[in-house]
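By written order: A, B, C and D. Residues from 1 in each chain.
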Amino acid sequence: MIKAGIIGATGYAGEELARLLLRHSEAELAAVSSVSFTGQKLSEVYPSLAGICDLTLTDEDGVIAASDLVFASLPHGLSEQLAEKCLAKGKRLIDLGADFRLTDPAEYERWYGLSYQKPELHGKAVYCIPELHRKLVTADTAIIGNPGCYPTGIGLSLAPVLRAGLVKPDSIIIDAKSGVTGAGRGLSQTTHYPDCNEAFSPYKIAQHRHTPEIEQTLSGLAGEPVRITFVPHLLPVNRGIVSTVYADSRREVTAEELYRLYRESYQNEPFVRVLPEGTVANLGRVKYANYCDLSLHTDPRTGRIILVSAIDNMVKGAAGQAIQNMNLWYGLDETTGLTMIPPAF
Amino acid sequence: MIKAGIIGATGYAGEELARLLLRHSEAELAAVSSVSFTGQKLSEVYPSLAGICDLTLTDEDGVIAASDLVFASLPHGLSEQLAEKCLAKGKRLIDLGADFRLTDPAEYERWYGLSYQKPELHGKAVYCIPELHRKLVTADTAIIGNPGCYPTGIGLSLAPVLRAGLVKPDSIIIDAKSGVTGAGRGLSQTTHYPDCNEAFSPYKIAQHRHTPEIEQTLSGLAGEPVRITFVPHLLPVNRGIVSTVYADSRREVTAEELYRLYRESYQNEPFVRVLPEGTVANLGRVKYANYCDLSLHTDPRTGRIILVSAIDNMVKGAAGQAIQNMNLWYGLDETTGLTMIPPAF
Amino acid sequence: MIKAGIIGATGYAGEELARLLLRHSEAELAAVSSVSFTGQKLSEVYPSLAGICDLTLTDEDGVIAASDLVFASLPHGLSEQLAEKCLAKGKRLIDLGADFRLTDPAEYERWYGLSYQKPELHGKAVYCIPELHRKLVTADTAIIGNPGCYPTGIGLSLAPVLRAGLVKPDSIIIDAKSGVTGAGRGLSQTTHYPDCNEAFSPYKIAQHRHTPEIEQTLSGLAGEPVRITFVPHLLPVNRGIVSTVYADSRREVTAEELYRLYRESYQNEPFVRVLPEGTVANLGRVKYANYCDLSLHTDPRTGRIILVSAIDNMVKGAAGQAIQNMNLWYGLDETTGLTMIPPAF
Amino acid sequence: MIKAGIIGATGYAGEELARLLLRHSEAELAAVSSVSFTGQKLSEVYPSLAGICDLTLTDEDGVIAASDLVFASLPHGLSEQLAEKCLAKGKRLIDLGADFRLTDPAEYERWYGLSYQKPELHGKAVYCIPELHRKLVTADTAIIGNPGCYPTGIGLSLAPVLRAGLVKPDSIIIDAKSGVTGAGRGLSQTTHYPDCNEAFSPYKIAQHRHTPEIEQTLSGLAGEPVRITFVPHLLPVNRGIVSTVYADSRREVTAEELYRLYRESYQNEPFVRVLPEGTVANLGRVKYANYCDLSLHTDPRTGRIILVSAIDNMVKGAAGQAIQNMNLWYGLDETTGLTMIPPAF
């Protein structure tokens, strides 16, 4: 049994991780920590866990000591020091924050306003959307930088066409819509129920910090620099992201050809569902599960390709993918503990 | 492995049953049927099942033939003929409809406008909320009448005080609120999104068909006739029922005493969570799981007891309880296949 | 034109008042204040008012100076000092808070933990649900205590049966459900979107501070002490309250008799709609308007009467009723500025 | 007083028209019709109108006879015959359907699968977004083709940059999101509450029938053919459309320049609100009112302009704009009857 601990367990991603680990056949939830709620039980903060989880929230060091593998879900800028501690004690780290995602320190500085303090750590870290990067995770890996929610669905939707060179790399526009859990557990006027309910708008237009992470993944897939326009929106639902991706095709492409390409690309991937032609990806069909649903469309009038991906931002976009990365890292079947079927309603 | 089939698999309860059976370690989903969608795949009707369930919808006879145990989720009035068929072929039946719930034929006739055609069948049927009636299920049981959604949470909330004789049997008022899945998959103006969203009202005031079923359970617990006022409301959420129950206490009772009584009553019940004092049952903490959460309150100014129960109407209120009944009937641990942890959001 | 000012204009009730006053034909919005946002424009706090209202938020004294009539929407305990100032300057006050609602100082102290500091002020104040108390507002009135949201719909639903002596005064149970704006603009975990959406529960069970206000109104109507059990619930919609009221009838009463009584009682009331028999009050039919919808039901099996009222908590339950009180006080038609038709969706 | 009638009054747009006309100072609601509910009162179909509107639903001919001006809200293909009748009787027609929107018969045929039967009628019809086309409405106008919901917000958002020649006409991508009332009152599985709530997806990807209408407007503004990619999404809110519009700029453009251009363009338009820089258009700020809110953004990394518009699909996107067209046509102030302030929540 893998002893797994969670630092930052009272955030939404942390709680979801706890929930998944508590039912994982090869891991046990060894310890949980929180800065704000130390000393309380996790089930006091989340009454949904009443009678299920009896763990008391401890601190960072307590979690590291109790765990073989540490999951961290922290604000950016805090993970390097944590990684150093973990490595010093021979513990593995899966970081759900942003600090180990970008390979180019200049991009991190540009978008996060901070610079890497311990560059040597980043050489031991792997950024991993398993379907795209699983080969990079090896025995030498010390840290996995778990991908952001938006980059996951977007990377999976564009991978086949970028690898096949079917779309122009400077033409990609991504219009994404995320449920409110994406904004976290922290209170804000924007996420106050009466302000958020029956409302809808974009935010951080062309300025969202997931932009360089998306471009890093897409450029790697294309083998050339990809520069995108990325606009996220806040959607009045609890969970899920739909990303609608627009790209100019380099040559005429039919939907049939796209479907052939995608089915082939993802035929062995348990978590990527290329939907039947004529249907459209909908976040209502993936919530509470680890799937990424994809539907493929063309606009022959303009020569554009339109890709739609749907994921649960808290599962495939955060905690579920972190478990998938754990499975991969420990040589388990990637689906272990992730076989939840999305409820229909 | 129990071969389980579902008749009426495209209704909401049927789909939920399918979802649970597909991940049950001791049962397999052998066959599914539908009157409206025969010949289609279940995953065409419910795209959330894409890539997960490949079964094609057949007819009633197809399901009976393929199954050891038949779950039926049908409109009332159709289950007797089905039960007869099942018994003739030596198959067990768990009926999620109303036809095997009421032991008094007169009550069935009064509330449903139909009379039992095959009275002999009803003698072989057991109505079973497992926490209250599990001893009634024996080797001779041929049919289990699975309880309705409202009666489940209400029965569990009142059982301890009724058994202890703490409340006046003619004083019970139940104000219940159910999510929209309770109204089923069929279309109606009331459940059309713009009419249902940002709206709220009671319905079938003092006339809901679950009334006699609730009274049957409560009278059994009290050992004397209990007559209730029951008013359900349609709540603009997908899932869950909160029942707020009011009763005059026979003598002064404190919250502490109530909590003591309830903790004792339910100490060995894995699915009933008597919440910590000072907290309140909330459907947001039980959705997608098989729990019944209970909180207990008093109004010393008026001498009333107030009980609040929360369940997921589709799980503990329908499909989950049906699986629990299956487990019980087959001698399995009642929690088998029902260990889902409610998500916090 | 009445010069009207709002103290506490950035709370939800304050903003709604501003919105109504900006379109009132006999009043003008003269000034607005806020403790938290002084110096900003109201339209910066509420972008929905962009291009419509150019007022800058000032302080309490600024509002009093600029106004003939002051509306105050403040936390309890702050209105006495304000009232004193208004009276000293010859300004009228309509207080939307709790400080001028209860006539019995002991009840105020019991439920609010504070005592009246200036008892003489309370003699000049009138608590007024216009349909029930309008005769109390006279030339000598200096302050109107605007009713709470729950007490309004509940008072209107019970008035006819209490006046007619049809129900037992100790039998009344009120199960009320309020939209989230009722909890105000202040942030809390309970009203954080992902915690509030797809959730539902009661709160302050038998302990809500509107209890003594409701009992004061009901006792006045009955001519004898009325003691209630009152349980409010938080409903995941923005606006509206449905109150489901249960009472034991003193003698057999039919729905027809009830409808006759209510139609007669409210035949001249423009804002009380006694719905057609066979329909049920629904908050979706009154939102954004000043109506109180009533439907009347009986449970002949138990001898109970069931009354359902629906209002918009921010309009008839707060700002709209305050305008109605202003109209009444100034001798205007009570409907002036309140002719909004509820949208159907 | 203008005698106005509504054909198709029980659809959502029809009801909203009724609501607005009932409070219009220069018009009266003379008659209403419905195919499905003839003989019933409008307030029976929409209980929100109880006590407010006493009209009984009649038929098409009844409405024409009683009205000076007929509003029609019908499925496409039915308006030509109606227009002929109106013209024969000297009645004006504002058609909220699609039949008098497209000037090119070939486009109508391509997208609607029908051809114009009475081409002469179309010469007497004017398609009118008032802010863009009001000069076309003259004494000779016999029919106004009221714009579709999506084309309104999109046309207003792009008009200034297209007129100024700032964007490449073949680069425009429109990602629009509409509340569920946009799908109408008719029942469907997609708009069944449990299927629609907590779900989100695009629909009719690059195939929506508003595409040619949008292109017609944009081409007229640009003075050259504009071909767009248009993808609408179904948003789980009752009302409102947010359109996020992407276009490649022809030269470097700053947000400041855009704001200057837009403020100048719309300075005299009472219903177009160019929001303060740094804010973002949100449908939550325009619902229940006739505004079109616009926010303007640039992506300097890619040279794209991003425009966001928010309207209430039922008001500025349908009934409100129809009233605005009526006002314009009759020489009234365009804001008459349309001064509703959007509620903040």
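Note that a contact is a pair of C-beta atoms (placed from the backbone, for glycine too) under 8 Å apart; a residue touches a chain by one contact, two chains touch by 3 or more.
This structure is a prediction, so every number in the text was calculated from the model and none was measured.
Annotation: A-D is the more contact-rich of the chain pairs A-D and A-B, by number of C-beta pairs in contact. With centres defined by CA atoms alone, the chain at the far end from chain C is A. The mean-CA centres of chain A and chain B are about 37 angstrom from one another, to the nearest whole unit.
Computed centre separation for the pair chain A/chain D is 39 angstrom, with centres defined by C-alpha atoms. Annotation for chain A: residues 12, 181, 194, 197-198, 236-239, 282, 284-285, 345 touch two or more other chains.
Residues of chain B that touch chain D in their complex: 12, 179-181, 185, 187-189, 191-194, 196-198, 236-238. Interface residues of chain B, counted against chain A in their complex, comprise 12, 15-16, 19, 22-23, 46-52, 181, 198, 238-239, 273, 275-276, 279, 282, 284-286, 288, 291, 293, 314, 339-345. Residue ranges of chain B in contact with chain C, taken from their complex: 170, 173, 175, 177, 194-195, 197-203, 205-206, 227-229, 231, 233, 235-240, 242, 244, 246, 280-285, 287, 297-299, 301-302, 304, 306, 308, 310, 345.
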